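Chain lettering (A, B, C and D) follows the sequence in which the chains are written, and residue indices restart at 1 in each chain.
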Amino acid sequence: MLETLKERVCRANRELVAHGLVALTWGNASGIDRQRELAAIKPSGVSYDELSPERIVVVDFAGRVVEGEGRPSSDTPTHLYLYRHMPSIGGIVHTHSRHATMFAQARQEIPCLGTTHADHFHGPVPVTRPLSPSEVEEDYEVNTGRAIVERFAELDPTSMPAALVAGHGPFAWGNDVSEAVHNAVALEAVAEMALGTRLIDAKAVVLEPYLLNKHFLRKHGPGAYYGQD
Amino acid sequence: MLETLKERVCRANRELVAHGLVALTWGNASGIDRQRELAAIKPSGVSYDELSPERIVVVDFAGRVVEGEGRPSSDTPTHLYLYRHMPSIGGIVHTHSRHATMFAQARQEIPCLGTTHADHFHGPVPVTRPLSPSEVEEDYEVNTGRAIVERFAELDPTSMPAALVAGHGPFAWGNDVSEAVHNAVALEAVAEMALGTRLIDAKAVVLEPYLLNKHFLRKHGPGAYYGQD
Amino acid sequence: MLETLKERVCRANRELVAHGLVALTWGNASGIDRQRELAAIKPSGVSYDELSPERIVVVDFAGRVVEGEGRPSSDTPTHLYLYRHMPSIGGIVHTHSRHATMFAQARQEIPCLGTTHADHFHGPVPVTRPLSPSEVEEDYEVNTGRAIVERFAELDPTSMPAALVAGHGPFAWGNDVSEAVHNAVALEAVAEMALGTRLIDAKAVVLEPYLLNKHFLRKHGPGAYYGQD
Amino acid sequence: MLETLKERVCRANRELVAHGLVALTWGNASGIDRQRELAAIKPSGVSYDELSPERIVVVDFAGRVVEGEGRPSSDTPTHLYLYRHMPSIGGIVHTHSRHATMFAQARQEIPCLGTTHADHFHGPVPVTRPLSPSEVEEDYEVNTGRAIVERFAELDPTSMPAALVAGHGPFAWGNDVSEAVHNAVALEAVAEMALGTRLIDAKAVVLEPYLLNKHFLRKHGPGAYYGQD
């Protein structure tokens, strides 16, 4: 079942490696079938070389394995929490990509310092609050998703397709798993460039709001004129 | 039409990837036929893998598509403005290459700290002024070109084949599109090395003017003695 | 003899190159057969291209060559000292990987700033004390091992599978040589990210102990639920 | 003539690319036949892809082309000056490798902060004094060699096989051109690690002299025990 989705999720997981976003097995991509309320996700701890569409695990919204022989990614409950509470998204990527993780570890949002950022993220990329001991102790992965969703109380996941989990690393998402990979690549690039910009000038200013809006809306929404129809 | 030019422009776009200057679809290269007043440029949002000479779009100086099925790069008006106002140039490259973009985001020129820089750029690489809200609102891409040309009021595009657009990223150019790629590679390298040099010593001095002149003129102009005849 | 072990050790040495952990011949991997008290290790100064299982050198615990034509790695006495005093380990990797070596040269432990670190190392990665002139003069490589073991007086090599040798570089280990490579990759990544985190915020806080424990135990020990059974 | 030497020099030039030490045409390697007093060197401005042993240019000590159709590297007079005044060396490499060039641009020696450095360079890697206007104006490339040799008045090119030219970049050398490449790779690595070490701790201490000596002599000279016989 879900053969096309499993194939896309498999390819997305491999693309994380090709884009240099993951080392070892530190990343996972998933996609969702909203009608059936089923998600396809990477099996836990399996190397990307050994991945094939048949090994992608299908789970329902409660996290029960519906198809596939392996155990799903240990981050599955986080993915599912996001899918349940962000109805507009169709794919999720989690990595420990170097520069985005540096900001997550510093527990600082990634400021919008340029148009590369504005092309993908409509404002600074937010960072979650730390989890409490009891939130870590029990249902840790669900609570990670909860902290992201809590942080998005006044943010729109469509115009801000990523979050940094404090002390951990980035999650990115999109309409589908391919767009989620795309946003994870962009996130890593803007994190690297934000760090470098601040090394050149610790007081570098954030992008003017009118230029931020222009670039984001040039690529997204009804007035977009980037790309092909 | 313009088969040779389209092939060169196609190859130049792919070279941006090979040189590590672009991720995803964040860059574009164009070339011009000055006699016919036609430019060949990358189609918007198309991945470099899928690019072929046939997909390169030909536009006239007013930006009208003369040949090709896709929409040209959204940065086409900037390229055309530069071609119209810098009659000596034959090719243009725009990227978001990491270190050049860091300087553009910090809104600082790239100081000439060494002979690698002097071999390609006859002085610090300039940065444009920020655009006003109305310049961003309307004809944004044309105004980006205008800001570059304005910044070059007292600069010669032949001896300074690049500019940083404030808050955005670099443009580089040359006699033809191949030389524009070459200069974009050099720009990224000197940006990276300038940042590193200043991390070693925040007060590192700029190159002596007589050494800057020596290196630039060793490679460019009538007395050049670098390369083959 | 030890054909399987030699093949694994050969492959591990090549993986160091594939993971970008070594340049030239700056690294070595070894594995042990605890029953026979024999270790298999890279020959000294041989390039990774030319390596084959037959060229892997077998030595006994006293460092005598039991099989193989070349001289074993000059770091062999360090490996053997670790094998003798850390009975739980089955493979060792030594590299000069860039960022881990930077911390070793700065003679600072790598602080645990995030969950990538916590997934592999149960606390800050320790650095040894400097060796005295006489320790360097005589039995230098044995004394290097001794300094590591001394530093582990109150540490468990199973939950802290790496050490930085002051002024030198990292050693990593594991149940077998493949896990040692894995830990060397993780060590380099967490070192790079720790440096970047501190560049973003010089006062970035270390991970909460309860989150450190959660991540380490999620992957290691009886309650682990990461990976496949 | 000098077929073996030309082949080695050709291969060394290509290795500079493989090791990531040069972009575009920014580097050159040469080798010498001391008996015939002839040097083989890269042609100027030729891309490494197009290089073949036949295209390597042979020059005499006065810089006259003895064999080969192209113009030799514009840095040829520097190479020849070094060969004439450093009788122990057999190969030279010049690059603009990123981190070594950063130190050259900062006009700071590379301090010996670890054993990777000590394995190859017996002390800090020196930087030349700036050239005067008249030294740049006339016989610039010869004067570059002169400044290096002047800096080595109390240094031995055998134990210090590299120099940084102030505001320019590194030269490295060795017994033959292959060893020169090897030292250029090591130089770039130790420069990168020195910069990173100082970012971790601006006051990081240099390696103890007894440890510096141990490592250098472990690999070089009559008591060396690294590598195969």
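Criterion: a contact is a pair of C-beta atoms (placed from the backbone, for glycine too) under 8 Å apart; a residue touches a chain by one contact, two chains touch by 3 or more.
What you see is a predicted model, and the numbers here were worked out from it, not measured in a lab.
Q: Determine the set of chains touching subunit A that also touch subunit C.
A: none
Q: Taking a step as a move to a touching chain, how many steps at least join subunit B to subunit C?
A: The fewest steps needed to get from subunit B to subunit C is 2.
Q: How would the subunit A/subunit B interface be labelled, same or different, where same requires over half of its residue numbers to be shared?
A: different
Q: Express in whole angstrom the distance between the two chain centres, defined as the mean CA positions of subunit B and subunit D.
A: 32
Q: If you average the CA atoms of subunit A and of subunit D, how many Å lie between those two points?
A: Chain centroid spacing, subunit A to subunit D, equals 45 Å.
Q: Residues of subunit D touching 2+ other chains?
A: Within subunit D, the residues that touch at least two other chains are 199.
Q: Which label fits the chain touch graph of this model best, line, ring, star, complete or other?
A: Graph shape here is a ring: one loop, exactly two partners per chain.
Q: Write out all the pairs of touching chains, ordered by chain label.
A: A-B, A-C, B-D, C-D
Q: Contact residues on subunit C for subunit D in the complex?
A: Touching subunit D from subunit C are residues 23-24, 26, 43-46, 70-71, 74, 96, 98-99, 101-108, 130-131, 133, 136-137, 140, 167-169, 195, 198-199.
Q: What does subunit D use to touch subunit C in their complex?
A: Counting only subunit D, the residues touching subunit C are 19, 113-116, 182, 185-186, 189, 192-194, 196-197, 199-201, 204-205, 207-208, 210-211, 214, 218, 225-229.
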